[in-house]
Amino acid sequence: MYKSFFGVVAMDGMNFSIDEGEVRCLVGENGCGKSTMIKVISGVYPFDEGTLSINGKEYRHITPAGSIAEGIQVIYQDFSLFDNMTIAENIMMYSTVASKKVLIDRRAIRRRALEVLERIHITMDPDEYVSGLNVAQKQMVAICRALAQDCNLLVMDEPTTALTTKEVESLFEIVKQLKAQGVAVVFVSHKLEEVLEICDSITIMRNGKNVYDGKTTDKKLSKEEVIYYMTGKQFSSAVYDFSATSQTPLIEVKNYTLGGAFEDINFSLLPGEIVGITGLLGCGRSELAESLFGLRPADSGTVLINGTDVGIFKRVEDALKHEIAYVPEDRLSEGLHLEQSIADNSVSRVIGSFANRLGLLNRKALSAQVKKGLSSMTVSGMRPGNPVKSLSGGNQQKIVLIKWLASNPKILILNCPTVGVDVGAKSDIHEIVRGLAREQGIGVVVISDDIYEIMQLCNRVLVMRNGRIAYQTDIGDTTLEYLEASLAADEEGLA
Amino acid sequence: MKHKLHFKADRDFVRMLIVTIIIFAAMTAMRPNLFLKTANFVSMGYQLPELGLYSLAFMVVLITGQFNLSIVATGNLCCITGMMVMHQAVEKNLTGGAAWGYIFLGCLAAIAVGLVCGWINGFVVTYFNVPAMLVTMSTTAIFTGIAIIITQGKAMAGVPDELVYFGNHTLLGIPYALWLLIAVFALTAVLINRTSFGFKLKFVGSNLKASHYTGININKIRIRAYVYSGLISALCAIEILAHTNAAKADYAESYVGQAILCSVLGATSPNGGYVRMACMALSMLSLQFLSSGFTMLRLGGYFKEFAWGILLIAVLSFNFISQELRRRKSIQAVAKARVGQKS
Amino acid sequence: MNRLWKKIRGANESKLLALLVVTTLFFSILNPDILTLANFYALVRTASVDAIFALAIMVVICSGAFDMSYAMVGAFGSYIMMLLCTLNGWNLPAVFIFLGAIVICVSLEMFNWALIAKLELQPYIATLGTQMILKGAMLAFISTKFIYTLPASISKLSTTYLHTAAYGSGVESQLHITLIFVVALYVIMHVVMTYTNFGRQVYAVGADPAAASRAGIRVARVRLLVFVIAGILCGLGGVLHDVVARCSYPVPSDLVGQELTSIAAVILGTANSAKARGSVLGTLLGVLLLEYISGNMILIGVPSFYIQLASGVLMFVGLVIQMSNRERRRHSLKKEAVPHEA
Amino acid sequence: ACGGDKEPVNPDDGPGSGTTTSKYVIANTPKCIGIEWWDRMQVGNKKFMDATGHEVYQAGPAGNDDTAVQIATIEDCISSGVDIINVIPSDPDACETTLAKAREAGIVVISHEAENMKNVDYDIEAFVNEEYGAHMMDLLAEQMGEEGGYCLMMGSFTMTSHQQWVAGAVKRQEEAYPNMYQVCDPVESAAGGGSGEGSYVIAKEVIAAYPEVKGFIGCDMVDPPGIAMAVEEAGKAGKIAVTGTCLLSVCKQYLENGTIKVFTAWDPAIAGEAMCALGVMVKEGAEIADGVDLGVPGFEDCTLKGNILYGSAWFDCTLENMDDYNF
């Protein structure tokens, strides 16, 4: 099968097949064409060449409606939810459309939506509007929507990126149930542990081609092997060891409180330190990060920068003054100007400093900066003049980093820096972050729900529960299992 | 790198250039002995500044993805303020230096009013979360309402002759008013392409939230866009005073629609974030050619309106069609490349 | 019960209703006549045409598109019918005149649809273009004449009243027949938008066309139907405009150029700058509020030179109250809320 | 007035080329084009064109008046080298400088509905504007029995001629009809959205707010029918007098059913024709003196005051004499 966008070849002779009751994982680096293949199957994109057969029937064109009629359900990477509708309406949207009835029964919709929500054990108000939900909740709604229909093939495009371990587990529970019912499941993820845990068979993609196909029952692949197939490179994981060079914290917060989000937060960050903050959904870590960047002023507390009290940040400018950089959670809506060029995006943070007193830009210095920034990381498929939206997820994230590093920050706050980023790019990003901390003495705060990531990247970790710091330890003093348990302990109401 | 940076832009430019040339050629062909006369160009030079300035005022805000429908209402309020000050010089029969003093004061007053009006628009749009289109629609009613109360609806006339001279004479064959437009245009072009403010305008236009998260003071930028828009309106008001020697609450109301037309034809993205000054210049010229040409063809004002509408839709559809063609071509190219590989 | 109460309290319609009630009470202190039945009839008479056009633009806004040409489309359709009747001396029953106007308006709106859905032009700009073309074409090629002698069936409708009431002073005011049209259309559209599959699909397309097409919705078809509905409403609105005005203008200046007022009404009723939330009830309340403000200025004794300023200020205040409340609630945590793009 | 008359007469006949045959190009630039009143003026222009062979064309803002567009149109007319410009400015003051340029270029400028303009060769008036206002007041007072409250409605507050009429009307009332009074400041139909609907809405509100109102004067052509409709709906037909400036074609139904007893007007066609005739006379160097005959009905014996030429005033149209008017 072949597919191209304006000369960018996204699928280049891809072969893929799946049988009843099979759970097949699809892995590959960012931008290798996983989502594109899914969209071809579901009829969102037409394909240029090749064959597509579903249930033995060959299709030259398939529409989304046709694909749904064939029993294919997709959980899209970007959710494809309707912000202006309630959770119940969203969950039942596909079946409403498919029913072709003229009138709708609002009460039945609500009832069936509740059933689905119960089935995967989540409590949400079905009358709430989706626009008010956070990413994880939206992901759950998208999953519910797919489960609400009867399907033969369920395609999940990175369903776990926004979910916590607990929720992932219950998702896997459901996958197993579906499998027992004979439903085929395509599972796309960058989290290889998950992949290896759930799948029966695996397809590894590279540059729009399948490079490996096989059942895990036939041959057990190791994580390293998968990575090798994906990237064509060997991959090693190193741990960050930190030794303090100075005892004055770059930033220290005391009794930091924001009503409804977090309270009584105390922590400090030394130069060269990488501190991880983790916790379950809704524990307030995003709010904490945003608050440290001045996006949501805290209600009370003290912020010390290099030992001096600077007061609570009221605006982003306050944080910028103290050379804090913030890489937001959602790069698409918060991190990048998708329509603007890669070059412009890379200097958007520092553009002001290239202006003279009249506000005129020094264009030569500016384009030097663009060159410097873009050459500091390998961004594949990049043309500086093209809009950023032409890049894939991991590469976009690198542009966000480049943008912030241009301003030479002292403190770097990374909010889920590797969500939806593949292993190759992930290790690139980790390497860069470690380098920054080690060589330039930058203090880094990493917010992540990926405990493996925390273990690899950080030298210290804070676990948050219900808006408070529940547990704080050096990475060396803890183990992965213990950290996971401490999250779970919260769930069970212990500790 | 630079030549690639403006890949899309150059296509817009070529398209607009073709449109302008076609209109010019058509008008010339139909009325050769009238259209090509110097007098005609001078006359167009007198007409263009008002539309041009208002279009720039609209465009500046459009870059941020917002609308400013009160450009003309702001201009008229400035005009009336300026008139109230300058008219005193006429009443006192002042000439020379003293008159110039009043002119200067009047200009200052007009500019101050323009800035304030712009600021009000910007402030409300930025802090109150009401769609800009509706905010500026109601401020249009408010500004015009104030103008009506001040003037009781009547025209005010009589600024010092020193100013009127500049509204109705040429320098190097080009009307002073057009020089003003050229100056403001150049200033705006520099502002947009060569300053960090212009850069930020585009960023704010293309993604408000990301700009905020990048540390751009989005509120400040958006307010400044409106304030600059108000400033251009005020400058236009001064030009109107000089040109017509009069001020009135409803002068040039139909220029709002034309300013939108001109901005969009000039390749400014209606969704914000993209602007191309060279296209703006061509867009102004082509609208003026069309307008003057139609009067010369003795066709009523409604033909003009009709032609503008057609032009707008034709130019915009052209975008789509050329994009579609390119898409087809790229698919073919890829297919061909693959066939080549296989063999 | 609890759920219902929460819903009522949360709905922006209730807030708008409150705003309307407060305005009315405030006005009625200034002039008790405001609260008379007669004044209500007067409101119905002046608001009915706007209400129908607002409904047309609401459907379009819900589908995520926009239409600046609707008033011109309506005027175009009805004027052509009146002109045909006058020139040919036809004495058509009202039904045929309505139908004829609807056919014309639907085809014009389909032109808009083609521009927006097929050529992918920005809706605001594309329909502004349509408006210019129609206005220019009307005056340049069709006619500039006002038609004061409408077909008999239409003039009969013009003076058909359901009821007559009087102000305290004895000045009369009639409940115009158009009320029936307005009520019927609002009920129908409310059902269509809230209780039909199609209505759901319109909102879905408005929220995110890509997601809608992934849901198996035929986006282009939904959009087409939306514009057809808008065309039908415009046709009705156009003819009813002639009915109440007792004449037909080629380019009626109380409609063409005033499009934003109806759009403001829709957005007031939506109370959300984010698109695709429009509701039928909210639209009605929005229209009533704006008509109330602009239609009672003289009654509450605003000096005439101050009317434009006063209605501008009131509308401004209404918009600010209605919009900022909502945003504040939604961003209760984000003190420095990042506003939506308009 | 659609179709034919807007086509260019002979598009490539450059101006001035007609010196041998002395055929002039006359540009008629009214406040706006595309509405009944100015269409009627175009009828007069056409008549003149057919009778004399001079070329007359109309240009200006479409649908709504806009001074800026009108000035731009005049600029275009100047540069296209017309011989005569007839202008009915919506804002006389704002047009002065541009018209001065026209005259510098040797173009004869004739204005209408704009007394006291400096940069015109002649201004031609069907009447003195204040007197016309006073006349409307006389008509109203007669119907109201010279007592009671009345209301003045302008097209918009910014229309200069309407301002003068209103001033004239108020002055006459204060001098001659002490028992009459204005119930409120003059109102503008533009506030109700312009067109007849605007007049209706505003009138209806005025009637509700000031039930004592006994009469209306509508300055704009669309006002009297709009007011008449409001009066009928208020159940006050015959009790509230409606008069003002109108055209028969516009308010015929109200004249027939008696809601409007009399309205007044002058014929825009004749005004247009008279402007053309005067323009040509000036261009040809004919002497313009008191009592000059423009060869157009109503302008056979004009009074000259300064540079203003007054014709024989308005006509009043009633049910009885309405058959005399075909517009």
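Labels for the chains are A, B, C and D, by order of writing; each one numbers its residues from 1.
Just so it is clear, a residue touches a chain if its C-beta (ideal position, glycine included) is under 8 Å from a C-beta of that chain, and two chains touch if they have at least 3 such contacts.
Each chain and its UniProt protein: A = Sugar ABC transporter ATP-binding protein; B, C = ABC transporter permease.
Computed from a predicted structure; not experimentally measured.
Q: So if I look at the partners of subunit A and the partners of subunit B, which chains show up in both lists?
A: Chains that touch both subunit A and subunit B, as defined above, are C.
Q: Looking at A-C and B-C, which pair shares more C-beta contacts?
A: B-C
Q: Quick one: which chain's Cα centre is the longest way from subunit B's?
A: Centroid comparison gives A as the farthest chain from subunit B.
Q: Counting in whole Å, what is the centre-to-centre distance of subunit A and subunit C, each centre being its mean C-alpha position?
A: Roughly 43 Å separates the two chain centres.
Q: Rounded to the nearest whole Å, what is the centre-to-centre distance of subunit A and subunit D, using the mean of the C-alpha atoms as each centre?
A: 71
Q: In whole angstrom, how far does the Cα centroid of subunit B sit from the Cα centroid of subunit C?
A: Between these chains, centre-to-centre, one finds 30 Å.
Q: So what's the Cα centroid distance for subunit C and subunit D, whole Å?
A: Using C-alpha averages as centres, the distance is 34 Å.
Q: Residues touching two or more other chains, restricted to subunit B: which are they?
A: As it turns out, subunit B has residues touching two or more other chains at 148, 152-153, 209, 212, 299-300, 302, 304-305.
Q: Touching two or more other chains, which residues of subunit D qualify?
A: Answer for subunit D, listing residues that touch two or more other chains: 6, 33-34, 62-64, 157, 188.
Q: Residues touching two or more other chains, restricted to subunit C: which are they?
A: 135-136, 139-140, 305, 307-308, in rising order.
Q: On the basis of the stated criterion, which chains touch which? Give every pair.
A: A-B, A-C, B-C, B-D, C-D
Q: If we count contacts the way the header does, which residues on subunit C are in touch with subunit A in the complex?
A: 3, 7, 195-198, 200-201, 203-204, 206-208, 210-218, 274, 276-277, 330, 332-336
Q: Under the touch definition given earlier, write down the residues of subunit C that touch subunit B in their complex.
A: Subunit C reaches subunit B through residues 115, 119-122, 124-126, 128-140, 260-261, 263-264, 267, 273, 305-313, 315-316, 319-320, 323-324, 327, 337-342.
Q: Hey, which residues of subunit C end up touching subunit D in the complex?
A: Within the complex, subunit C touches subunit D at residues 31, 33, 38-39, 42, 45-46, 135-136, 139-146, 148-149, 164, 166-167, 169-174, 241, 244-247, 249-258, 295-299, 301, 303-305, 307-308.
Q: Tell me, which parts of subunit B touch subunit C in their complex?
A: Touching subunit C: residues 65-67, 69, 124-126, 128-135, 137-142, 144-146, 148-149, 152-153, 208-209, 212, 218, 257, 260-261, 264, 270-272, 299-300, 302-310, 312-313, 316-317, 320-321 of subunit B.
Q: In the complex formed with subunit C, which residues of subunit A make contact?
A: 42, 44, 63-65, 67-69, 74, 76, 79-85, 89, 93-94, 96-104, 106, 127, 131-132, 258, 260-261, 287, 295-297, 314-315
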